[in-house]
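Naming follows writing order (A, B and C), and every chain is counted from residue 1.
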Amino acid sequence: MRVFFRIFLIFLLIIFFANILQNLPENKKKFENELLYFPSGKFIKEVSLDYKTTFTNLMWFQTVQYYGQHMLTDKNLQFLYKLFDVITDLDSNFLQCYTFGGTVVTYDQKRPDLGFKLLDKGMINLPERWENPFVKGFLYYIYLKDYEKAYRWFLFSSTKKDAPYFCKTFAAASKKKEGDYLTAIKLWSEIYNNTDNRYQKEGAKYNIIVLLMENFNKVLKEGKENIYVYLKGEMKKLDFLPFGIAVKIFEDTVIVREKQ
Amino acid sequence: MKNIFSIASIVFKESVRHRIIIFSLSLSFLIIILSLTLNPLALGELNRLVKDSGLSTISLFSLFIIFFSGTRLIFQEIEKKTIFVLITKPVSRDEIILGKFFGLFSIIFCFTFLTSLFFILTLTLKKITFNITIFYSIINIFLQSVLLSSIAIFYSTFSTPVLSSIFTFFTYVAGFFVNNISYLIEKAPTFVLKIFLKFMMLVIPNFYYLDIKVYAVNNIPVSLNFIIFSITYTFIYTFLLLYVSTLIFRKKEFV
Amino acid sequence: MKILEVSNVKKIYKTQFPFKTFLALKGISFDVLENEIFGFLGPNGAGKSTTLKIIMGILKPTEGTVSIFGKNIFERSVREKIGFLPENPSFYPFLTAYETLEHIGTLFNIEKHILSDRIKTLISLVGLENSMNSKVGTFSKGMVQRLGIAVALINDPQLLLLDEPMSGLDPIGRKEVKDIILTAKKRGKTVIFSTHILPDIEMIADKVCVINKGEIVGTGYVHEIIKREIKEIDIEIFSNENILEKIKRFKEFSKFFSIHEKKVFITVEREDVASEIVKIVNENGGRIVSYIPREFSLEDYFMKLMER
């Protein structure tokens, strides 16, 4: 009994000192210091032998934790890109790492150049996937507000196999933001034609109508002299629309509806 | 005391006769010298590379020595029945365990000391800058080895050499991943699990937290406090492991 | 004075299977007195080594007590007075014979100059002068056994415990070991040794303890067991017809009687009958080819115990 008590006491001492050791300032910021001198992913790939996936998972785990921890505290994320870069070196098929990494590096590390680098790497390694160009377009749209480039990347992503319909929606949205409402409507019409989903069809139709309405109202507000002539000209350009529309002009507003 | 010394000297003699020390020494000298020639590959980072490979070599070969010689110490004695000669002499069983431990300790010390000497000499000759942290780092590598030695002795009091090698290795690896448990703690769904994980984090030998190679390589100062706490921690942990080992060994029968 | 007292020692080994045990010693008791050569006799697997290991504290008895010099074996002062040779001893293969003895000697806290003298004496005693500085790993079984004996003697022990000391040795070696044991007795030491070879005991032991299947089946002084009386006499005769005619009447007294032409083989149990036969042969011109009296031996004793 006395022996057990003694062992227990030493045990407590160990726990006490382990706790001190773990909370010394040197150990508190050790991970960051290690990251400063982190080897490249290619090197780790060579030395990790047959355990690449294990290493990848471990790194992913640590990276996400690193991101979360610093987002909640000091928002200092200077090593974020490096971590994602290493992970994607280890496992070039890690799609989520490109998309999530690209987004958070651009947004939270505030380095769009590095974020795009990550996404470009993703496009090279996974050329069949629509996600990487889509996220790139998205970042241009949201973060850099470069709608022309956003449009191109959205459009590019929509050409990929299995690309969801909203790639085009986003392309259209970019165009709309840019002011090229006609292309936006063309894209929406294409979506309208190519989908069998009722909701997507309705959505596309709604967007077309809103786009038209917004544009016409804008023209009206600008005080174009001959609005009727202008609208006639525009309607001619819109002959590709998959459904008929009715346009009513009031004194201060234009209303567009689907032709019943 | 004299018995402990006598048994320890036999352990040391064995490793000398089996050329374990000379093999480790010559290989690690070779690696340190080779690291100097890697200049074209190091892209201007030669200073770091030499320091890093030197320190890693010291710790790696200490590990090698412990795995190959430490884990066999007790069990081999039982298996080859040389223990019959030893324990029927006026030697207590505690003295046998301590003798074995200090034998291993002396091997590791001898190796670490000589390699470090060579390493520091190389750095000085090559005019590579280093500060006090590199000595601290060597001390901590030695502390890790001491802790690992006592772990090896502990396992070898009740399992075969192969098994205790494996156990020792996994304890070492676990000790290096111990910081990852802190991430798990945040995610743990229940309070009990959180407590359990925290407990594990404190109980598993903290090899990760003893390792300060990264500071030494980059000339970042480390406080003396850190070294003092490292030494205290290692000392207490080693003491416990040796104490439990003697308790197991006292109860042991040799058929 | 009792040097060793073993009382009611029981040993149960655990096997690899749970709840299955093996009873190695079924409660044995014996004493060894000072300046005695005590022979432990028994077939293989009888429990001799187990008993010796329990005496030396290598194993712990499940029941019962052992006291040496009236004390516990784990006391340092007790161990300093004992020399032990385990069965098939083994030593660190990387040390030389000299270093091995030196290592063990330091454990006994023997002073350096005394130790080096003693090592040299012991090495010549066991006949290892030529391989004193070669590594034990290169030794043959017999040489290791010799080294083991030297190791057992390094502390000039009061009590020598030898487990199968003669095994693995050539006839000269066996003789030398017997001499070592007898010399030890002459110098006032006590020797306990185990063996499964009868003549060894018969030749040197004062007291014998026969153990079989974990039980002591018999114990006693060798000179009492071997009562120097003649058990039977084998006589071989080269005879003629005259003699044949005369000795035919002894057929009913003899254990064995056979005639091959002129050769006669007779085994008789009584000495007077034998001398009568010899007398007849001599008187009638025959010739005694051989006359072998057989004493009651330890073997007979042993066989009788084993039969029980």
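Throughout what follows, a residue touches a chain if its C-beta (ideal position, glycine included) is under 8 Å from a C-beta of that chain, and two chains touch if they have at least 3 such contacts.
These numbers come from a predicted model, not from an experiment.
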### Query
Which chain is the middle one, judged by CA centres?
B
### Query
Relative to chain C, which chain has the most distant C-alpha mean position?
A
### Separation of chain A from chain B, taking each centre as the mean of its C-alpha atoms, in whole Å
48
## Note on the structure
So, in whole Å, the Cα centroid of chain B is separated from that of chain C by 50
### Query
Cα centroid separation between chain A and chain C, in whole Å?
91
#### Entry: Complex contact set, residues of chain A against chain B
3, 6-7, 10-11, 13-15, 17-22, 24-27, 30-31, 33-34, 36-37, 58, 61-62, 65
### Summary
As the complex stands, chain B meets chain A at residues 48, 179-180, 183, 186, 199, 201-203, 206, 209-210, 212, 214-215, 217-218, 220, 222-223, 225-226, 229-230, 232-233, 236-237, 239-240, 243-244, 247
### Query
Inside the complex, what are the residues of chain B that reach chain C?
2-3, 6, 10, 13-14, 17-18, 80-82, 84-92, 253-255
#### Entry: Touching residues (chain side chain C, partner chain B) in the complex
13, 53, 56-60, 74, 76, 79-80, 82, 84, 86, 88-92, 94-95, 99, 103-104, 106-109, 148, 151
